[in-house]
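Each structure below is given as structure tokens.
Two complexes are shown next, each including chain A; its partner changes from chain B in the first to chain C in the second.
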Partner chain A sequence: MKLKRGYFEDIRIFRNRASRFWTFLFILVLALLPFFIKAYYLSVINLMALNVIVALGLNVLVGNTGQISLGHAGFVAIGAYSGALLMQLGLPFVPALLLAALLTALIGAFLGIPSLRLEGPYLSIVTLGFGLAVMVIIGRMDVFGGRTGMSVPKLKLGWTGLPYDTALYYVFTITTVVLVIITIILLKSRIGRAFQAIRDSDIAASVIGINVSHYKTFSFAISAFYAGIAGCLWGLYLQFVTPGTFSFMMSIIFLATIVLGGLGSVTGSVLGAIVMTYLGLQLENIVGVPVLGDVIVAFSDSLMNTSGIANIKWVLTGLILIGVILFEPMGLNGLWLRVKRYWRLWPF
Partner chain B sequence: MISQLLVNALVAGSIYALIALSMSIIYKASEIPNFAQGEMAMFSTYITFILLSVLGWPFLYALAGTLVFAFCLGFLFEFIFIRRAKEPNLLGFIIITLGFQMVLYGLAGWKWGSDQRTFSLPFSESEVVFQTESVVLTEHNLASIVLAILVMAGLYLLLEHTNLGLAMKASQQNVRAAKFNGIPTNRILGISFGISSIVGAIAGVLVAPISTLDPSMMWDPLLKGFAAAVLGGMKSLHGVVIGGLLLGLVENLFGFYISLEFKSIVAFAIIMLVLFIKPSGLFDKHYVRKV
Partner chain C sequence: MSLFSLNHISKSFGGVQALSDLSFELEEGEIFSVIGPNGAGKSTIFNCISGLYTPDEGSIQLAEKEITGWAPHRIARAGIARTFQNLELFRYLTAVDNLLLGRHIHMQASLLRILAMPFRRSRAAREEIAHRHKVEEIIEFLELEAYRDRPVFALPYGIQKLLELGRALALEPKILLLDEPAAGLNNEERQDMIFWIKDIRDQLGVTVIVIEHNMELVKDISDRVLALNFGRMIATGQVLEVLEHEEVRKAYLGEIPETT
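Let's turn to the complex of A and B:
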């Protein structure tokens, strides 16, 4: 096994030439994809990209810093609404995106302040309450259209010469790739190491000179920043935002995403978000699946109720969550590492 | 008017206190905040509904059947899921309870979600028991308060005057020492989950007539109950009850005098303030962790 000999070997992004090759190949595939697949799949990939961004941020907070947030949909909502408002006021896209994300980060830092003294269930109830409060407050504000919601202006992407869907795909993909790279760098830097030290033991971290309160607040702010960006893009994706979109269940699904993917790893966030989005879309029309669908319909007819069949989505998501914790606590990332280790020495 | 507000506050407060108690029993026993509590209560309430309206049992039998079902649900939840957790940590337990919550929510929606139900109990909320010019006390109000007091008294007797309560307290204080003294701590934990599920189910039966009977009916009461538990200090049972009553009082006063619109989030504003001053709630001792 090759050992690391210096600090710079530890912090560099690509471990070896092979990983650099595969990464660039992957980015190339992403860039050429719109010319080969249908518009529906582009919109699926867009949704995956949104979930990847939220999962990256949430994983920094939950997986790397060890804080719990059950109110992340609230941050996404703040990003979506403030981005939509700024764009309606005529701000160009990039400044609006950054301003919305910074505003969300500021609110995240404020929410981070109580987290300095709270832990476990107390923190979870505060974040949960925050997520609900945001929706109630936004639902009462006329500038955001109240309960009916507000429409989000389309981007002016005509200058690219591409169809709107394709151009939007590039906006989403580029943002996601940039954020993934930033997250990897962040987690390898002093800041990321400080986060992990706090997760493992905050007392030990403060003893070795890490400013715990500073970094905990910062972790909340970063996490909220990502959620803000995702929210702003979410508005563009849906073209119309209502308070009902960003519900309590959405926050739980975000948490489920990173647990499924693997806590504390960037690969895990990406994998989890992709799988969870795909599953979410597939479970919506599970009746259409060839054999399984018929079995489920027959089962519903005899024991359950056919009209409530969409609820099977919740049952399966819940079972997946429980299954991951019981059988594979490191999530898909852990599974991936084990598969890799198994094949490394394969036929011997 | 103020006396009517106090009555409403007392009713809401006793329901919150019941939910808070059910959260607190589990939290004391295992340090797990059980987010599935609301859905477990909702499921038990559906069982009551079926026993009462579909099978036509008398109310007391239906209630007894529900309580047995609730106990089994809680016990099996602990036995099947919580006990099997590998490398358990707080986040893992929270995820398991959230997952169980989703499963129950999905199952209930699958089976019963599509139709509206009217849930009628022998004590209706339109029949007035007691009326003066300023106060109206309906049967449902009276039943809520009486049932809450009965449950609290029962819990007190159970915890203070039975061997089971002694064993529960022993395994809460120190699992290993309790095990050495021959207490089957795993079974005690399962029984704690069962008892907490019973308390939650009673709260569910009381909530159903005043809201609608549907799979998401316990979301709001659960969050309020959880907030009440945090307000009182999750580990102190009397604190949790006081927290529930306090929350009901503040919420109703706020709703009447300041703003009805923001009534639903005032609970969270209060707990944020309280936790800012006393991080472990009002009535819990705050232990400073030592290295």
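Let's turn to the complex of A and C:
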């Protein structure tokens, strides 16, 4: 048992030496990883990083501020397209990334304005409409290549001499680690507290002097900022973007990610995004499992399939989510906390 | 000039006249009670003062400043804090976080400064720590030490009641509005509450308006009382005068029929 000796201990990032040690070890492993694993796995990790970034931002909005967004793919699309356009115009990568993210944040703030008057189901309809509208509008703009999409300029690696995948890996992981740290700080600060106050009781928040409309809008903007960054990087990852990439289904998966991970928790966002990305890539393989695979295929074909296209992945994702909500409402974060508590007392 | 005044306030909801032509003034350091049967419009007064409702007519003044129609967060910054009849705490946050939220209006760190918070010497970290000390004073004042890091939903009702009072105090208000502070408390807790409300006035110099049904508490703490029925003032003045007032008795007990 360790006693606190000062209030600074409440706000610093690492709770103790052990957690600092493990974090630095983890970052070291991340840094050396490209030299030990195959390019395919590197690209899987890249995709995970993109999902982590979106999940972090969405969780601030949904888990911490208590608002909802069914249109986050729209923000990712805006980030991807504006980033691609800015880079095509010759802007270097970093300014293009920041500018694209700021633009997305601005649009997020605008979308936050209806949230001042709408709640729950009504707000979800507005954001749903937003996500769909973005796809359609982008599909009609020639500067973005219409429905056929546009290609995204490659990163100029210059002096580094790294293979392209490895370079992307470093850009993605560094961005992700920085954003994770920023999110942790933000949530410990007066701003993060104000978000959570609005989630728990917006009346009480307003009578203790929190400008509720200001903070709700701000939360939308921050959430969109993260999605914008992820979008810009997504463009680099795919090298070619079409409006269809950022579908409604993508928004739903983002939401499912933070529910799976645990609402209102940074650890949850990270774990949820990693697991969800992995499931997204691997779930189809369950078809090959002897008896279980056949049962699931039969179930999907007879009851769930309306379009004739195999949807085993979605059926299983749905089942997993129902399982999470039933058995571990705090998501993977809840599981993680319990495992930690267990080991703290081990071996007694 | 008085610290606070309510001038000819009226408020109706559809056909229901919740408040009509209500006026009163408060002197600094006074404990002022509002009594009346259920539905008399007591909580509506608080909602008008704290900005959750905008009165249909009349004006509200704090230290000679007109605050009628201001948004709730501006009124809080101007120096009016309140508690609620049915507790409005931030249920999933800890007691300390709830109290720190009470300090929100006194904290200034901007987003950019907050990003430097992990550094001990950063301005945001120093601000956070300074306010944490303030919160500790409130914890000590209300004897909440044992509950610091517990989430609010896990706390007993009496403690939640106290915590809400603490959160309002954290704002360092000029005027404190307490909506039924003793409701749901047992005898001992009620005695403590009386003691604390007096302390808040005596030690912190806060002016207090209390809505309360418990007459023991009202008699014990009030400097002046206002009795309300159907949105109208029926009596105001010293505690005993008001409680003895015929209309007040009628409002509470109903018309007493002649015994045959």
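Observations, loosely collected:
Methods note: the second predicted complex is superposed on the first by the 314 of 348 C-alpha atoms of A that agree within 3 Å, B and C clash if a C-alpha of one lies under 4 Å from a C-alpha of the other, contacts with A are read in each partner's own complex, and residues count from 1 in each chain.
Keep in mind that, in the parts below, a contact is a pair of C-beta atoms (placed from the backbone, for glycine too) under 8 Å apart; a residue touches a chain by one contact, two chains touch by 3 or more.
Because the structure is a prediction, the values reported are computed rather than measured.
By the document's definition of touching, of the two partners only chain B reaches A:259; chain C does not. By the touch criterion defined above, A:12 reaches chain C but does not reach chain B. Shared-chain residue A:59: touches no atom of chain B or chain C.
Judged by the number of chain A residues each one touches, B leads among chain B and chain C.
In the superposed model, A:193 makes contact with chain C only, not with chain B.
Contacts of A:51 after superposition: neither chain B nor chain C is touched. With both structures placed on the common chain, the touch criterion links A:126 to chain B but leaves chain C unconnected. Contact with chain C, but none with chain B, is seen for A:206 once the two complexes are overlaid on the shared chain. In the three-chain superposition model, chain A touches both chain B and chain C at residues 203-204.
Chain contact summary for the complex, chain B toward chain A: residues 27, 31, 33, 81, 84-87, 90-92, 94-96, 98-114, 215, 219, 223, 226-227, 230, 234, 261-262, 264-265, 267-269, 271-272, 275-276, 279-281, 289, 291. Of all residues in chain A, those touching chain C in their complex are 6-8, 10-13, 182, 185-186, 188-191, 193-194, 196-197, 199-201, 203-212, 264.
Chain C contributes residues 50-52, 71-73, 75-77, 81-82, 84, 88-93, 97, 100-102, 104-105, 107, 109, 111, 114-115, 117-118, 120, 124-125, 128-129, 132-133, 167-168, 171 to its touches with chain A in the complex. Residue ranges of chain A in contact with chain B, taken from their complex: 62, 68, 114, 117-118, 120-122, 124-126, 128-130, 132-133, 136-137, 140, 203-204, 248, 252, 255-256, 259, 263, 300, 303-305, 307-322, 324-327, 329.
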